[in-house]
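First chain written, first letter: the chains are A, B, C, D, E and F, and each begins at residue 1.
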Amino acid sequence: MTTTTHKTLIGQSLPNIPWQERPDDCSDPLWRYTDNPIIPRDAIPCSNSIFNSAAVPYRGKFAGVFRCDDKKRDMRLHAGFSEDGLNWNIQHDPISLIKDDQEICDWRYGYDPRVCWLEDRYYVTWCNWFHGPAVAIGYTHDFKAFHLLENATLPYNRNGVLFPRKILGRYMMLSRPSDTGHTSFGDIFLSQSEDLIYWGRHRHVMGTRGAWESTKIGAGPVPIETTEGWLIFYHGVLTSCNGYVYHFGAAVLDLDKPWQVRYRCEPYLISPQTLYECVGDVPNVTFPCAALADADTGRIAIYYGAADTVTALCFCKVDELLEYIKAHSRV
Amino acid sequence: MTTTTHKTLIGQSLPNIPWQERPDDCSDPLWRYTDNPIIPRDAIPCSNSIFNSAAVPYRGKFAGVFRCDDKKRDMRLHAGFSEDGLNWNIQHDPISLIKDDQEICDWRYGYDPRVCWLEDRYYVTWCNWFHGPAVAIGYTHDFKAFHLLENATLPYNRNGVLFPRKILGRYMMLSRPSDTGHTSFGDIFLSQSEDLIYWGRHRHVMGTRGAWESTKIGAGPVPIETTEGWLIFYHGVLTSCNGYVYHFGAAVLDLDKPWQVRYRCEPYLISPQTLYECVGDVPNVTFPCAALADADTGRIAIYYGAADTVTALCFCKVDELLEYIKAHSRV
Amino acid sequence: MTTTTHKTLIGQSLPNIPWQERPDDCSDPLWRYTDNPIIPRDAIPCSNSIFNSAAVPYRGKFAGVFRCDDKKRDMRLHAGFSEDGLNWNIQHDPISLIKDDQEICDWRYGYDPRVCWLEDRYYVTWCNWFHGPAVAIGYTHDFKAFHLLENATLPYNRNGVLFPRKILGRYMMLSRPSDTGHTSFGDIFLSQSEDLIYWGRHRHVMGTRGAWESTKIGAGPVPIETTEGWLIFYHGVLTSCNGYVYHFGAAVLDLDKPWQVRYRCEPYLISPQTLYECVGDVPNVTFPCAALADADTGRIAIYYGAADTVTALCFCKVDELLEYIKAHSRV
Amino acid sequence: MTTTTHKTLIGQSLPNIPWQERPDDCSDPLWRYTDNPIIPRDAIPCSNSIFNSAAVPYRGKFAGVFRCDDKKRDMRLHAGFSEDGLNWNIQHDPISLIKDDQEICDWRYGYDPRVCWLEDRYYVTWCNWFHGPAVAIGYTHDFKAFHLLENATLPYNRNGVLFPRKILGRYMMLSRPSDTGHTSFGDIFLSQSEDLIYWGRHRHVMGTRGAWESTKIGAGPVPIETTEGWLIFYHGVLTSCNGYVYHFGAAVLDLDKPWQVRYRCEPYLISPQTLYECVGDVPNVTFPCAALADADTGRIAIYYGAADTVTALCFCKVDELLEYIKAHSRV
Amino acid sequence: MTTTTHKTLIGQSLPNIPWQERPDDCSDPLWRYTDNPIIPRDAIPCSNSIFNSAAVPYRGKFAGVFRCDDKKRDMRLHAGFSEDGLNWNIQHDPISLIKDDQEICDWRYGYDPRVCWLEDRYYVTWCNWFHGPAVAIGYTHDFKAFHLLENATLPYNRNGVLFPRKILGRYMMLSRPSDTGHTSFGDIFLSQSEDLIYWGRHRHVMGTRGAWESTKIGAGPVPIETTEGWLIFYHGVLTSCNGYVYHFGAAVLDLDKPWQVRYRCEPYLISPQTLYECVGDVPNVTFPCAALADADTGRIAIYYGAADTVTALCFCKVDELLEYIKAHSRV
Amino acid sequence: MTTTTHKTLIGQSLPNIPWQERPDDCSDPLWRYTDNPIIPRDAIPCSNSIFNSAAVPYRGKFAGVFRCDDKKRDMRLHAGFSEDGLNWNIQHDPISLIKDDQEICDWRYGYDPRVCWLEDRYYVTWCNWFHGPAVAIGYTHDFKAFHLLENATLPYNRNGVLFPRKILGRYMMLSRPSDTGHTSFGDIFLSQSEDLIYWGRHRHVMGTRGAWESTKIGAGPVPIETTEGWLIFYHGVLTSCNGYVYHFGAAVLDLDKPWQVRYRCEPYLISPQTLYECVGDVPNVTFPCAALADADTGRIAIYYGAADTVTALCFCKVDELLEYIKAHSRV
């Protein structure tokens, strides 16, 4: 893979990521794709819903791991491939995990995957049953064979997200400790590792605050390296009298000490407002899990689950967004 | 009434039940009527909503008992009549209950009726206030005069559904013991009686399991007799962080020992996905209460409440459905 | 057995029931035995606690069924025998239930037994696991062999108590419908049967009210027949900021229509005040399960569980008590 | 201002209030504006939603105070102006409060404003942070400078609504005591004052009852004086298994003793049924905060928040409405 | 009454208040009376418990208002008299309230009284039913005739405590806004009045903090005037996994602006440790409601309820206590 | 230290550990010390309570780390020393933690310590505030200077207990993932480390089951090495209607794969039954944190907290206990 350095974005040239210019009547820092949702709930025969899914560049095209809840409402991970990042060919069967060590827990469910290219392969993290939800790590070279590693955390933990390179010589992962159910609290923490097996040097990164992120927060896509720091998108939950509402916003973490928050945007960037975000299996959910960034143009495309039902897309430009975050930051 | 025996369905010839062929682009075992909802929420002047309602064949046409919540949001039962099972003439006034024994409880509300032709009359069961929700039984010959019998159960119980004939010489009823409120648990049980007054020989039939039916389950239409066993449709509830989601699925019970489950379909058959199922007084509810089956063609039409607001219709063919259930069964 | 008729009490002569006169400094209608508790928690090797237990006259002496929680904290029923009703020889092994019909539910636990002499044998009712707590009925002739009948109720129900004779030609049972856990509500209902298998003609008897009985109520000992009506003792629960407090009081039901309350005593008769009632596995519990009444003298001895840990005894005289109830009655 | 007396309405001539005749196919006492919502959620750049807002006549045109939740989801009050009551020019910045006494609490949030012309100025009441939600009072002459007075209540209280003139020589205010969160209970009370600073002579006005108003109720617009009494619109909440549903209805209070209810309409007048009422940040909310009444024609226009997201309008005629209320009244 | 000024205490000479010197082995600032409890639960025939009660000097002796829960567990207020403040003659009948204005709410229950000599009479404040708990005010001259005034607050409020003189020309009252039940939150506020009828100028005084006072706090006895400020004792609640634990501590408020806290003692002064504080109707409660202070000697005797069952006494010396509070203060 | 090998116990000779023979009338596998509690709640001036504490052999005598809640009810760790393990000299000031890396979290509270001699020093693990409860590790050589290491876990976790030697070349720790409050669930897990900083290879060890351990379980003292495996004592919680009841029992883990349970004793060994276990700040708690074992005699002395208030002691003999466990084991 060729890697270039945009004046702000540090990373790959990805000229073919999905893109659509901001509509004339819109001045928001993020804007939705007009043909949302890009993946309907019934894209494959068994699916009840396809959302909270992770796309990455793959051999000049795109691949991904998708959360597909089937019609038994079991939570599964499916691989998929795409020429353009918009039209996806999702495998009809869920992925199988190759487990070298039988002491590792049995598999019961997996959801909310993230995919991270790290050194020489694609690592997948997701929420895994391990006598409760915990953060699992696996890897793949080709999105066909997936190998299961040790669980990265004890239960109860969700939203584990790797950084795309070592920092201070150590692997780093964000996560959100939680409890057994529809947890009503949750901060973002960072853990470190020298081998992706043993984790420690835990640090607190960000807590809940203002209304849209007052119940709990959790990391979304793999952090995007910029000259300003690690750009992260994260979801924030407000509890209305009719339940949880999932928005998402952004922050910038220090490049060398990524548990230090440099900027944190006070307004949310996306909240559930369209019909496909408000109506579905869980009304009022927007939940980002992946972002593609083109270092040449500064374009970013964000994949997010909508209403726990479908997959949608929105866009931004890195310089505009960073400017917006800094202008609206309170740490 | 003439009764014939289809190769699979055991019961009446009902050539005029509502019917619409499966759309070409659909391969699901059940499919929705394209003109849903068939009964809007404001079909009669007083109604806030009309749903969870029970239609039966009646004198070559159709009659039924309907849950109509009025604009005070009181829960009422109304009778109705139809030529074709699609267009309904619902009485503007709720039904009155003739009570021969004054010791039987006063009437405060009734909801979620089922109607069952049994021997020589139509029996109605519903959820009745009896110092809490309990299962009531009444009967009618003409859908004009309704007679109230003893409550079949103590509180707290809902979703009482009679079998359409005696089995082992005894009347049989499914029900779902519950608590006083929006109960967060619930299995299906069977009770037996020799006189429709005293009930006993209680049996456990099915418990909750997989996600879509993990909170509680409850019987829907009157069981349909087939050569494979009693075909039942039942609702199953999943609790999302924004509340309950009501799906429905199917199972087949043993003909002679109907507390024994022969097949139980793992995927749901209908989940709330259309606007009329997702948006309403209670979002995300599909709740079946009645089915019409034509023994000659094997056609089945299912009436279900949508979003606790309107009444909708869907269809299946008995042989296809049984094949599907058996192919996806886990007991 | 010889049966005589005291001027108030209708029933047996039982001259040897436990008795202790009211202390001089006490004017309460009930008074505690000075050597309480009569059964310590460790009366048999396996027991964690022995409480909420049922004693009856048996062949000129006494027998009973006892709730013994073992050191796994599993809830078991043990038989016991006594010469004087005070010193008990409790069997070291729990009773076994002979089950003629294998369709009846498997046994998992039993607690809070009541024993009722009815026609020709001793019937035992208790709270039984049947996919949730339900009322079971069994019988014995000798407190050695116990036969299991059909569960009398669906779940969720507790505190099933039989009347000691048929009324209006029917068997009658009080019970308290509840939910799956530490239920926070509950009224007393009455059900009727012609064969002890099928139950119906359900009636509401009493609801919660005033503070000490504001959370839930439940029948205690087998009703005692008097010329004024059926005398019942029942527990009533108040919820303090530190949990449930179990008191007990009394009422008188109509002899012929026992779902009609003739008198209901406003003050409680016993509330947890002694150390053995306030300190134990569940603090602040007094829970009556059995009463012995001597028709010649009008003496009544009441067995009650204390702090869900030990068994205690208190006394009253029927005429004094009825006078007190009538003087403090509000229905 | 000129004040005339319609045969029923007592108050101003307001010939230019928004108006649209009842549709031919509608016989309800209230009907919605066909171009609802009149204020979209994004009417000003910072707004996430604009709802639960208060419009009044102002210098021959209209002014108001609007609840604008911004994209941080902070709750703010904004002033606005309109020529016709339909098209609003809402200030982009929230109002600032002039505070003469520094002992009065700091400002953190304000929501659900009501505006009341009283004697010589416009008083604004709203839900204010004061170590919890409490009722604040401020005033303005021009909707530019707003002065903050003492909080009218201790926490925890919401929905404070002033009467538009003194009664019995005293100012009067309705309010709804509550708790710290999404309170699950609440009645309407009335408090009295001689100086708008000290409040006392508290009276209970109305409690919860029937299903649509079974969880809590709260006053809406400033009471409208009629020859029959004070006409009030108020919201009522029903708790479905998916959360709260906010309807609104009406009552008539005694002119001289406004804590006495003369009529109370049993059916609701508006319940969430349109897409803009059912889908939004909080599904299923209709919440009235202001009404304009023209004494010459008896026309009333009601502003209400929909789905906690947008502002909508509906209409009625005072004579028809009073007739309807009286015909459907139960006190 | 003669009023003298001790060097620290400002108030009356009360040489005959109960007193017992600190035990030699005790260095705590408060110490318990060795003959606690001074009032047993059954001090009068109808009483279930007597606690949370208010004693004051009266005509050279003592009088008081006592919380007596009767054997229906109804909460009542009884008057009582004592020669020495230790042995109390409590009236067998509850006090009756003379109500001049019939619009004031009906009486249903009263609990946790405080009594305050103010200007020319004894004012009593207590928690009163007013469609929920609210603060009531009454007065008496002789502890025989009690007059009911307007409720001082809307519901939901408890622990209303008057200051013993006007400050800044206004009456002042502490209170603790709460909700309808066993409220799990609560701060102390101050309200002001010019006539004891209308209340306003509300101020926040103290919030919850450190563990023993982390759930809620509430004022106890009438504030004691000292040269350092108003000395108040207040209860603080910690929630253990087995319920609420009520301790009490102390603070000093500014003499002229009593909503300003000058000192606040971090450690508690009394926590439930004796058997009569740990075992009773509500385990683990110590709840102070009254204090007697002798201006000549600086002695203070504090009456407190124990385990919501009995009344106990403890002592301190004002100079020692103030020194301790200042040494352990954190505001 | 000299280390010998008893036929069953593998470890040190500790001839001077506290000891008292089993009473004649007791046949239980564990028996209480007759002079319990050995440490009263007020053993040092600042203490509200001293419990859940860890004693170890130290230079021929004993040392320990104690949970002392002070009179602010703040949770602190204090060091202490003893000649005989019975009479303890507890330091009046809490221990200070030396923190070499300032990135490690600030200290707010510590509770429920365990102390483990491992290789060359004493390691202390405890429940530490780290934006929620988490497992902290520190070490000391002399119980005077304590050094803080990295937190071993993310929140939310409690009851971290180290094994006293490496197994399979790795350090091993038991812990109990939980949530933020009085967690109502919890299993025992095992985590592994090569450096006591990074932890991974997480394994599930034991879940909840039977009644006394149905709510949650958690490891107690440092595991004791025996020829049969690692002997562990652990607490198990049952939820009564009045709160949590803490018992303790025992299990034996595989020597080489300590996440495998070889034996698990069904009955509890100690349940709250004495006054000092049933009455205190949290009624009904017995909570073991440390054990001393003498390899020569097989004697084991167990320190446990009682009622979250005081420290108590009980005894057993290793061979008898293992025999009992094996005889009552169900895995």
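Annotations for the structure displayed:
FYI, contacts are C-beta pairs under 8 Å (C-beta built on N, C-alpha and C of every residue); 3 or more make two chains touch, one makes a residue touch a chain.
All figures in this text were calculated on a predicted structure; none of them were measured in a lab.
Identification of common neighbours of chain A and chain F yields an empty set.
More than half of the contact pairs at C-E come back, by residue number, in C-F, the repeat among A-F, B-C or C-F. Separating the centre of chain D from that of chain E, both taken as means of CA atoms, is a distance of 40 Å.
Spacing of chain B relative to chain D, judged by their CA centroids, is 42 angstrom.
Once the centre of each chain is set as its mean CA position, chain A and chain E turn out to be 56 Å apart.
For chain F, the set of residues touching two or more other chains reads 242-243, 279, 283-284.
Viewed as a contact network, the protein chains fit none of the simple shapes, being neither a path, a ring, a star nor fully connected. You'll find the chains touch as A-B, A-D, A-F, B-C, B-D, C-E, C-F, D-E, E-F.
Contact residues on chain B toward chain A in their complex (touch as defined above): 27, 210-212, 238-243, 245, 247, 266-268, 271-273, 275, 278-279, 283-284. Residues 41, 45-46, 48, 69-75, 182, 242-244, 279-284, 308 of chain A are the ones that touch chain B when the two sit in their complex. Taken together, the chain A residues at the contact with chain F in this complex read 103, 105, 130-132, 134, 150-157, 175, 177-180, 183, 185, 187, 189, 191-195, 197-204, 207, 259.
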